[in-house]
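One structure below.
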């Protein structure tokens, strides 16, 4: 019953990141008018690309002998969290609808990051599930261990980095949509003071905060963004409190990353003149007065083809990083607070980012201590994006213990 | 002042197992008067007020309110009939506002209160009766005196015509008490009746229109305050019984040997107010020293200081020259001080613990009962069965919790433990209160027997008869001081009664 | 206006009630649960069968129940020890974190010591950290009469902040410098990895054996020693304790320290036996300390019963995850678990009180 990851020293580490994206090649300020479109090895929209370990892909047959394929999702939050888990469960429902009787899906919600994960996986396997999706970073060790113990079960893990023959990783370029959402936020801010609720100081969230801030300053060059770290994925009360504190400091637009509930929208709705860009799901109908837009994930874009591969007997491990072109990440519908000009500006930028994912991180970029991070025209490599540990100019805040 | 009768209680009898708390009490309250109910602890005042407010139902007798016979089955019933009680221990929610507390538990009130309306009404009431308190203040912000005003407002808000105040001044400073008296007077002037429960003669004289004195569960009489005096009330309280006889001792006291010496001891009460002032006394070998006084004049603090339960602020206590460490009950026990406290069941005993555990409560640390810090269960049981037999405790077995025993047997368990420790000094506080006649006799015999064996006994009691029949010497306490010290043989009851009530010894002997 | 039924305190609690009431409570819970299930269109027999099968029966299920039970056994004992003296230590949660911090410190630092000694050292560190943390609550209570419910609760938040600080917001000793993806603690040394024994096919974490041992030790302490006697007298009547020369203040501090030591031991077990590192986020998600209070209450403060209740709740929690799914919302799982707890508490009330009707008296009032 040991649950340590040391026994499972990362078989495949960041090398896995080598796949997917290669840095933008633009050398003239990242303008997409450049004739050289940023080259990518991004997955095609038909089927996610996967890359196998160097000794060749091992096809894992996890389809059942008979009867429908049983697939299960393990969630850290409740399916109605209005955010992260809800987006995942919407994908599950899409999978169910797509395959009909051929697939039987189930889920376990509110599973804490602890011994419960391994037990829940065992329980799901005992119930005959042969494809298991994990959706919280903290589940990773338990998934790695379960994958080793059950070579005939396919494990699909979102947001992690460890892969094995029967454990694949998937996630996507939310920084691109975060940037676009930031543009909406920047254009909407009257005071030039914005607030950003962030979960943990990890590269994914740092990337989001930076992209959002750059979007903000693309529309509103003098604006500043105050970032607060909440150290939680899902705690509506804490999220709301933090949002209220930011509002009290005079912030008039709020954004969020990694915190999974729309509680920030509640805080914004309760205040006057405060607008909000959400995260994970489209909440435009629930928060019409404060809604701008949001990054939304469409996990089914990845999951449906992957299940099809299982049914076809062609499933191999991989490491997928989806993007705007795939439709894996999208910008949620605009709220009434986004003006026509702003919409036009964002839509134009969206086409550029669709063609060149990650290209918003092209120099000149300075961090918020005044150091130059990227010289003019230089872009981050994929590895650099995945290990980002600085905050861009315009952010009021710091990465703890960086 | 109208002479309409607001409340008439007649022939009230209330029995509890082993005790008759009210034994045919009559009480008549007029509309528009402040009526004092006077009596020592255990005289039946609380029982009587609990009957009037519907907490108890009388076994016999009747209660009439405005000429109509009533049987209350709950305090709410009584309140609906216009009778409200202001308890000594406040029943307020500390985090709520004054207004919220006032409406809390209001019968027939709507679920949601109209804060402004309530505040307005509270303000109106407090203005009318001089009960200055801010309706929007939270209880925890208020002083004790202000909290009491909230209690009174609560009762007034619900339209009480008869207010019962149980020892309201016990928690007040003299200034606050004076302002309370003005409030009581204002309420009476408006035609409400105030029943003022007290055992402080001075207050009763200054605030009441009439006084009813209770003694031993019976009404001694009702008098107009203007036609009596402190002296008159004192003699009504202590009684004029001549039936008692002085106990003839087998072995008389040997005062040449002092077993307990209290030298210039001062101490504070639970609220930190000085309540014992420079008290000195001695108890000789085999001597029974009685401490007379009206409750609340420092007797409890005196007993607790000697037994180490309360730290002294000055002075020293010795048992045969050995110092008792201030505030260290362990030290007092080790020096041979036994203590029969006033509150037997919750101070002298651990009520939910078995008879055998309680019998070991003071000697569980000795090698006889424990070894290597482990309890010897067998020894505990053996000790218990021996003592139960010797002290004739009636209990189903030694593992029965003491709270299930009758009052007399509870006291026997306590005495068994305290006497069997072979003490040098015994502090006995109201050792017979609440017991039936047979049990009283048994307890007194034990006390005398202990004295005969050489134990120095300090007998603290409000029952003057008891002190006069048992003690060799009588001390009188008033406001934390010993104000009189007389030999019991041939002592003048009246003089003692007066000094208890605050008259100087000079006045008392005139 | 008066309720027709009222509760009257029992003078004596018949012994048979002690086993009959929990049994009846359980049956009542099952019946009530069956009604709820039936109303929501589920087959109660199937559901109960699954709870039993996935929560308790079988080697794997029971092994899982034990794993889930282990932290709860420690936090349950933590709460029970304080309850025994009438102290409500809500702080098991924070004391558990502190124990984990202390044990992780030892677990990371040791190298080369034999596993047995490492386990002992980690236990010791967990206990010391947990007990010091709880003793602060005790000292505040003993010296300043501060409400221990509030202080211990506040210290839970404080401990959570400390955990976040150590792992997320600083380069502390505990923080693994090589965790770019997500801030984590260092792993404990291999020799610090606690054993799990296989007994008759059941995986028995050594921490659970320690918990059982602790339960028996606490039972003995409270039943057979002078200290236990003093604690029970203080619980019964603080005045009587003072009267008998019992040192109430120091006993309060000792009891809370003991209570915290047990929670801290649980934290050590979490690091050593289960997670292998100081999991700042996972610990705060788990809420073992708070569940432990429920465990102790259900066990009626009895340390031995606490161990069994922990297994029961552990199995029930495990079965709860097994039950839920698209057609079995986790809310319904919570309802079933809540029903069981509710009837257990109701049963507790029936042991202490008896039901009386007011009908005859009400009639008399009218007449």
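Quick notes
Note that the chains are named A, B and C in the order they appear, and that numbering of residues resets to 1 at the start of each chain.
The rule we apply is simple: contacts are C-beta pairs under 8 Å (C-beta built on N, C-alpha and C of every residue); 3 or more make two chains touch, one makes a residue touch a chain.
In this text, all values refer to a predicted model and were calculated from it rather than measured experimentally.
Nearest to the common centre of all protein CA atoms is the CA centroid of chain C. Using mean Cα coordinates as chain centres, the one most removed from subunit C is B. As a whole-number value, the distance joining the C-alpha centres of subunit A and subunit B reads 72 Å.
With centres defined as mean CA coordinates, subunit C is found 43 Å away from subunit B.
In terms of their C-alpha centroids, the spacing between subunit A and subunit C amounts to 37 Å.
In subunit B, no residue touches at least two other chains. By the touch criterion stated above, subunit C contacts subunit B in their complex at residues 1-2, 11-12, 224-229, 232-233, 236-237, 239-245, 247, 361-362, 365.
Interface residues of subunit C, counted against subunit A in their complex, comprise 54, 60, 63-64, 67-68, 164, 168-171, 175, 180-183, 187-188, 190, 193, 196, 203, 205, 273-277, 279-286, 317-318, 321-322, 324-326, 330. Put simply, subunit B touches subunit C in their complex at residues 71, 73-74, 76, 107, 307-309, 328-333, 339, 341, 343, 346-353, 357, 360-362, 364-365, 370, 373-375, 377, 401, 403-404. Chain contact summary for the complex, subunit A toward subunit C: residues 1-6, 76, 78, 105-116, 119-120, 122-123, 126, 137-138, 160-161, 200-203, 229, 231-233, 387, 389, 400-401.
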